[in-house]
Structure formats: C-alpha cells, structure tokens
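Several structures are given next for inspection.
Two complexes are shown next, each including subunit A; its partner changes from subunit B in the first to subunit C in the second.
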Partner chain A sequence: MIKKNVFATRWGIIAVGALIGVLAPLLQKMGNPGNMGICVACFERDIAGAIGFHQAKVVQYVRPEIIGFVLGSLVAAYLFKEFRPRLGSSPIVRFFLGVFAMIGALVFLGCPWRALLRLAGGDFNAILGIAGLIFGIWIGTLFLKKGYNLGRTHSANPVSGWMLPLMMGGLLVLVLIFPQIQGEAKNGVLNYSLKGPGSMHAPLIISILAGLAIGFLAQRSRFCTMGAFRDLILFRQIHLFSGLLALLVVAAVTNVILNQFKPGFEGQPVAHTLHIWNFIGMALSGLCFVLAGGCPGRQLFLSGEGDGDAAIFVLGMLVGAGFAHNFSLASSPKGLGTYAIPAVITGFVFCFLVAFMMTKKKA
Partner chain B sequence: MAATVDARGLSCPQPVILTINEIKSGTDPEIIVLVDTETSQENVSRAAVSHGCTVSEVMQDNEGYRIIIKKEK
Partner chain C sequence: MNEEIIDVRGETCPVPLVETRKAIRKASPGEIITIIGTHPASKKEIPMAVEAMNLTLLEISENNGEWRIRIKA
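Here is the complex of A and B:
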C-alpha cells in the first residue's frame, strides 16, 4: 500500500497556501516590489531581462525565488521518489502557450499568484484580473470536457528531467560569479536594474531560502492556482481551491499586520486601472494555463520533478517576456503597450487553433 | 468484470476526467485506472471517493500506479 502524502490532504494544501500567504508579504517587506512579494510571471520576466532577452532597464534581475522553486521541487521529488523524467506531450505547442501566457500576464501585470497578492494588498484592479483568469479557465474547461488534451508523455532519460533544474543552478552560479554591484547596471553577463521593480529585491539568501521552501512544499502538495479554479468549474471540487483561498486570506491578514494593505483602484504599485485589459490579459493567460495544464508556478514545480514539457512551457514564458518588452506589448503603470491589442488578439487566435485542433471527438 | 482506464502519460486533469466518465457511464462494478504519477494517483483516488466509490487498492510498480476502484451498487 502507498504511504499517505500528508501535504496532499485538505489541511496540507491549506498549510502550503497559508505559507505562501505569509512569505510573499514578508519578502515584500524585505525589499521585493509592491504587491509582488512573489510573482512567477514578473520574476521570470526579470530573469529574461537579466540575461538580455529584453532591454527594459527597470525589470532586470535574476530572481532567486524562481531558482528556488525549481530546485526545491527537485529535492522534494528525489526525496519522496517522485522524480520522473518525462517528455513528449506536444512540447512545441506548450512552448507557444508559454509565450502567450506571458504576454497576457504582462498586459495584466502579474501571474495568478500576483493577482491574489495584489488583491490581498488592497489593489482592487486585481478583481478584474481574477475574473478574467476564471473566464479564461472556463473557456478551457469547455474544451477539456470535449476531450481536449495535448497527448501522452513518455518516460525519458533523467538528463531530460534535469535540464531546467540545471539551467536554474547555472543561473545561480552566474549570480554568484557576477553579483550585483551597487550603482552598476551590469556585472559580467548579467543585467541589474538600477531603478524600477527590478531594483527592488529582498536579500539573495532570503529569497533563495523562501523559494526553496515553497518549491519543496508546493511539489508535495501540487499547489496550483489554475487547477484551483479549473477543478471547481469542472468537478465542483474545492481541494486546490482551499489552498488558493488560504493564500489570499493569510496574505491579506499579513499585509494588514505589516501595514502594507492599501485599498483602492488608483496608484497601486506596478498596476494600471484599465479594467477591460486587466480582464482580457488575464483571460488570455488563464486560457493558456488551462490548455497547458498548470499555472506558471505549477509549471516550475513540475519541471523540478522531471516534466520536460513543463520546462518547455517555462522557456516559452522567458521568450514571451522577451517579445513582450521588445515589441512593446507589456503594460506599465502608464497603460497598455503600443502593440498589446494585436498581440492579445493573436494569442486568442492561437489558443483557439490549438484548442480546436487538439480536441478529439469522444468515441 | 473490470473496466480499465489507461491514463498513463496524460497530464492533469485528463486522468480524472477519464475516470469520472467511466464511473458515470461504464457498467462494470470495478474500474482499474492506470496512471504514472503520484499526483494523478492522488487526484484519481480523491475523485473516485467524491463520486461515491471506494478505492479498494493502489499498487505501485515500475510503470506507475494501478488503482482499483469499486463502484457502489
């Protein structure tokens, strides 16, 4: 008989959601940007900037949290004998789902985690983002019910499973070789923002430890914000949703305690008040996440346990961040990027193409 | 007789969808679900229980997991 995984229980997932809810506002207190204690999309975008995939000077920093997520999950997967290298479920499609997931997220300015953290910090614009996220996921569930899937994976050589963890380890080595120098925008191969969100960060060691802890526990509990809404819509199942709710409530309480709760629509950090675009941007992301089977955080944790297809989604997000800033698709507090609207339309066309083509008629 | 659902290599939420479809529309009192990750095993077991079935056995081998679900009469 199989050992019971305590973190896969209702209380397990609530505990993990609550832990993220405490750590994210604390990371913000220790230096991370406003309502961005943790944001998987923003932080991957910052990494893309740090290694020169885009030249947006204000968002360039190798975020140690992301490295920690993947490596923490890798450790948990090996410790509990769940490391299973696998590949082959439409990887190239997943890559572009990652690209457009990032573009949608950068129109809204955040991943689902940050949407929750923004709301927990009093940013009511996030309500539109979360509504859009749910709408996008709902569209995806219509296809899931009709038999949408990206095909089966097959097991692979362990080295395939190590690729993303190795890349993350490599980024950490680069950070140690070329650490940030006060007042310098570049050290060796890495870019470092001097101002803007990219310049705001908690100390390296704290970020990496928080990332490792979350990565470890999220691997055990299978925490996923997209799955939370998807399972609620599809199966009326509240398991993952209870973790999401714990994150939201605990983060809000922690923000109030830390005096970081500032309710309102206007003047929120790294946010804009274009309600329609907050909704549509996140709807595109939500659709991409559901078609790819996980929110950006979950894709990192899956990559850590050997899922090469999830790793390719992550690479797609990094490249998508490059597109988003090089082509002026990403929003800023001033508003939409110049070419955001055609990019979002392209994203929806792409998603529907994939969804229709990958939906099998039931036998 | 037992119906077999082969959900190996399928990612979330396919194993659960296939299992629930079999629970709802299948006629066999017993369903064997094959999955290859611990996550899918947990999800399928959880879904079976929430659909009023019992998980009578979970076996692990090199290929993954074999979950035996018994439907209520």
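Here is the complex of A and C:
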C-alpha cells in the first residue's frame, strides 16, 4: 500500500507556503526587520556576525529561526523515519557554492524567501531580484539537462548527519548562557547589534517556535523556492511553485492587514535601488542554488535530515557572509560594497567552471 | 515486456528526477521503468511527477534506505 504524505500533496505544499506567508509578516510585526520576517541568507549572516566571523556591528544576532529550521526538520525526519546520514558528493565544491550563493544574496540583500517577502511588502526592487533568480536557475537547468552532476553521495555514520543539528543546538545553548543584555554589544562569546537590522528581532521563544514549525513542515513537504522555478522550467511541473505562490499571496495579504504593505522603489527597508545589481546578485545566487541542488532554506532542511553535503553548503554560506562583510562585498541601502563587482564576477567564473567540468555527456 | 532500469543510487536531487524524465521520454507506451535510488526527497518527487504526467505508478518499495519505484509509461 502506498502511504500518502499529506504535506507532499498540492494542497499540502500550498498550506506550507501559506503558513510561511503568515508567519513571516507576523515575525516582522513582533520585531524582525522590515520585509525580513524570514531571510535565510540575512539570518545566517547575522549568526556569522554574532559569532565573530565578521565585524559589521549592525548585523550581529543569533537568529533562532535558523536554529528552529534545522531542529524542526531533524524532528520530522526522525518521526517519519527519514533521517538518513549521508555525504560525499563534492563537499568542497558545495562549500564554495555556498560562499558565492551568500555573496550574490548579499549583493541583492536577501535570499529567495526574502525576495518574495520584499515583493509582498511592496518593495518593487525585488522584482528584478526575482527575475535574476529565475535567470540564474534557468542557466543552471541548461547544465542539468546536459548531465551536470556533483557525484554520488554515500551513507555515513549518524554522527555525520548530526553535525549541523548539533551546531545549531550549541548555538541555542550559547544564546541561553549568554543572552542579550540591554545596551551591551557583547555578552560572553556572542555579539549583539545595538542598532540596525541585527538589533531588530522578535522574542526568542516566538522565533524558535516559528522556526521549528517551518522546519518540520518544510521537511515533510520539501518546500524549496529554487526547486519551484527549476521544476517549472525543466518539467513544466507546478507543484512546488504553487507553494511559492501561496507564500507570496498570503504574505502580501497579511502585510496589508498588518499595515506593513508600503508599495514603491525608494526608501524600502534593507534594500537598494540598483536594479541591474539586484538582478545580477540574485542570478549568481540562483545559479549556485541549482548547482548545489537547493535554495538556502532547503539546504537547512536537508541538513536536518542528515545530509552532510547540504550542511557543508550551509557552512559555506556562513563563511561567505564573513567574506562579504570583511571584504566589503555586501551591499547596504546606500549601494554596492566596494569590491562587490569583482566578487560577483569571480562567483560566475567559479560557477561556470564547476558547471562545465562536472557536466558529463551521457550516452 | 521491456523493462528499463534506472540506477540513481547515491544521486541527489534533482538528478533522479531528471533521469526518470529522460527515461519516460524515451520509453514506448506500456513500457515498465524501474528507478532504484537512495535520495529520500526523490522518492517523493518521482511519484508526484508520474501523477502529473498521468502515468501509472505500479509500486514503491524500500529496503534499508534503498527505494524502488516502478512505473508504466
């Protein structure tokens, strides 16, 4: 008998997209930055700052949502017997794909989830970002059709599958041992922003619960923004895309209800109006996501179900965030970072090198 | 009856789905395609793609983390 996973059905994925669409604006209402109720790239960047990978004082905070994503996925994977420790599919390549995915995302200022949430909040600059994301994914699908493959993964000892969940658990323990002290930029080993996006956050318990819920449901439904566009382009399959659309529509409606919908290009929160670079930044990220097999959210959920390769991509993103801020690659609302352009060019060169060299013509 | 075996053990998303789609495209009507893989997400994705293409899903089985999906083109 073939058992049905309700979250893997069309209505299941729509429900998961809709839930994220409600939770993200609510998290913003409860304290998270503007149009950033959830942003995997920004939140991982904040974590990188909190543990000292970079010294950008305005973006340092251990985001509990990210911890929740991984641990929620871990719980779901164990409950439904889908925890499969595995790794070995070009880990070092995945690491650098993570690095450049983060650099591209920080040129645009957001991951695919935030691109949708920015649009749902009325930030029309996100349109070019989403167009760039689709363009990058389309380039990636050309390589997939020709046989691009990072190689086979292998079963591993459960310890390997536990590494990222343990790291996330460790971060949570650090937050509990060294909580934020009002007006202090540091407590113990953790940095805390006193101003800027890093200083804006929903209460810890709310953020962690939202993260756990999303992580659990996303593992069950395999929600993936990159996969949504990839399946649409490659197979004309709208399953994942329907979840993404639900996220966009429900987030827009929730923003209108919460009076958070501010349409326009200028003065949008944590955004710039350099349309070409919004496009190019996300194109780089989109290409990295296809080559690595998932959007940054999906990489976290895969890590929770024991995928060590996805965990390495996540670590690459954390290190990429460090590079982005230490070397002035990341954008700010004022514009591009000083060395953003050469970094993006390097990213594309790297991606094309990987894509060409790992594409095997099959008989 | 012809049976095509697609071995995607160890391959990760989206390779199993891409290879399945290629096999379906090449198959003659009524041909059986068996996909053998290990990636958990692909075990969910392939049946959904089969459903979307109005093909017949004959069987899904799993043993020690290795799954088999049989479909009729």
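Definition applied: the second predicted complex is superposed on the first by the 362 of 363 C-alpha atoms of A that agree within 3 Å, B and C clash if a C-alpha of one lies under 4 Å from a C-alpha of the other, contacts with A are read in each partner's own complex, and residues count from 1 in each chain.
Quick note on the criterion: contacts are C-beta pairs under 8 Å (C-beta built on N, C-alpha and C of every residue); 3 or more make two chains touch, one makes a residue touch a chain.
Computed from a predicted model, the values in this text were never measured in an experiment.
Once the two complexes are overlaid on the shared chain, A:E44 sits clear of subunit B and of subunit C alike.
Of the two partner chains placed around the shared chain by superposition, subunit B and subunit C are both touched by A:N149. In the superposition on chain A, A:A8 makes contact with both subunit B and subunit C.
Of the two partner chains, neither subunit B nor subunit C is touched by A:D123. Shared-chain residue A:R84: touches subunit B and subunit C both.
By the touch criterion defined above, A:E65 reaches neither subunit B nor subunit C.
Shared interface residues of subunit A (contacting subunit B in one complex, subunit C in the other): 2, 5, 8, 82, 84, 86, 89, 144-145, 149-150, 152-155, 222, 227, 230-231, 234-235, 237, 239, 293-294, 309.
For subunit B in complex with subunit A, the residues that touch the partner chain are 8-14, 16-17, 20, 36-39, 41-43, 46-47, 50, 57-58, 60, 65.
Of all residues in subunit A, only 2, 5, 8, 82, 84, 86, 89, 144-145, 149-150, 152-155, 222, 227, 230-231, 234-235, 237, 239, 293-294, 302, 305, 307, 309 touch subunit C in the complex they form. If you check the complex, the residues on subunit A that touch subunit B are 1-2, 5, 8, 80, 82, 84, 86, 88-89, 144-145, 149-155, 222, 224, 227, 230-231, 234-235, 237, 239, 293-294, 309. By the touch criterion stated above, subunit C contacts subunit A in their complex at residues 9-15, 17-18, 21, 38-41, 44-45, 47-49, 52, 57, 60, 65.
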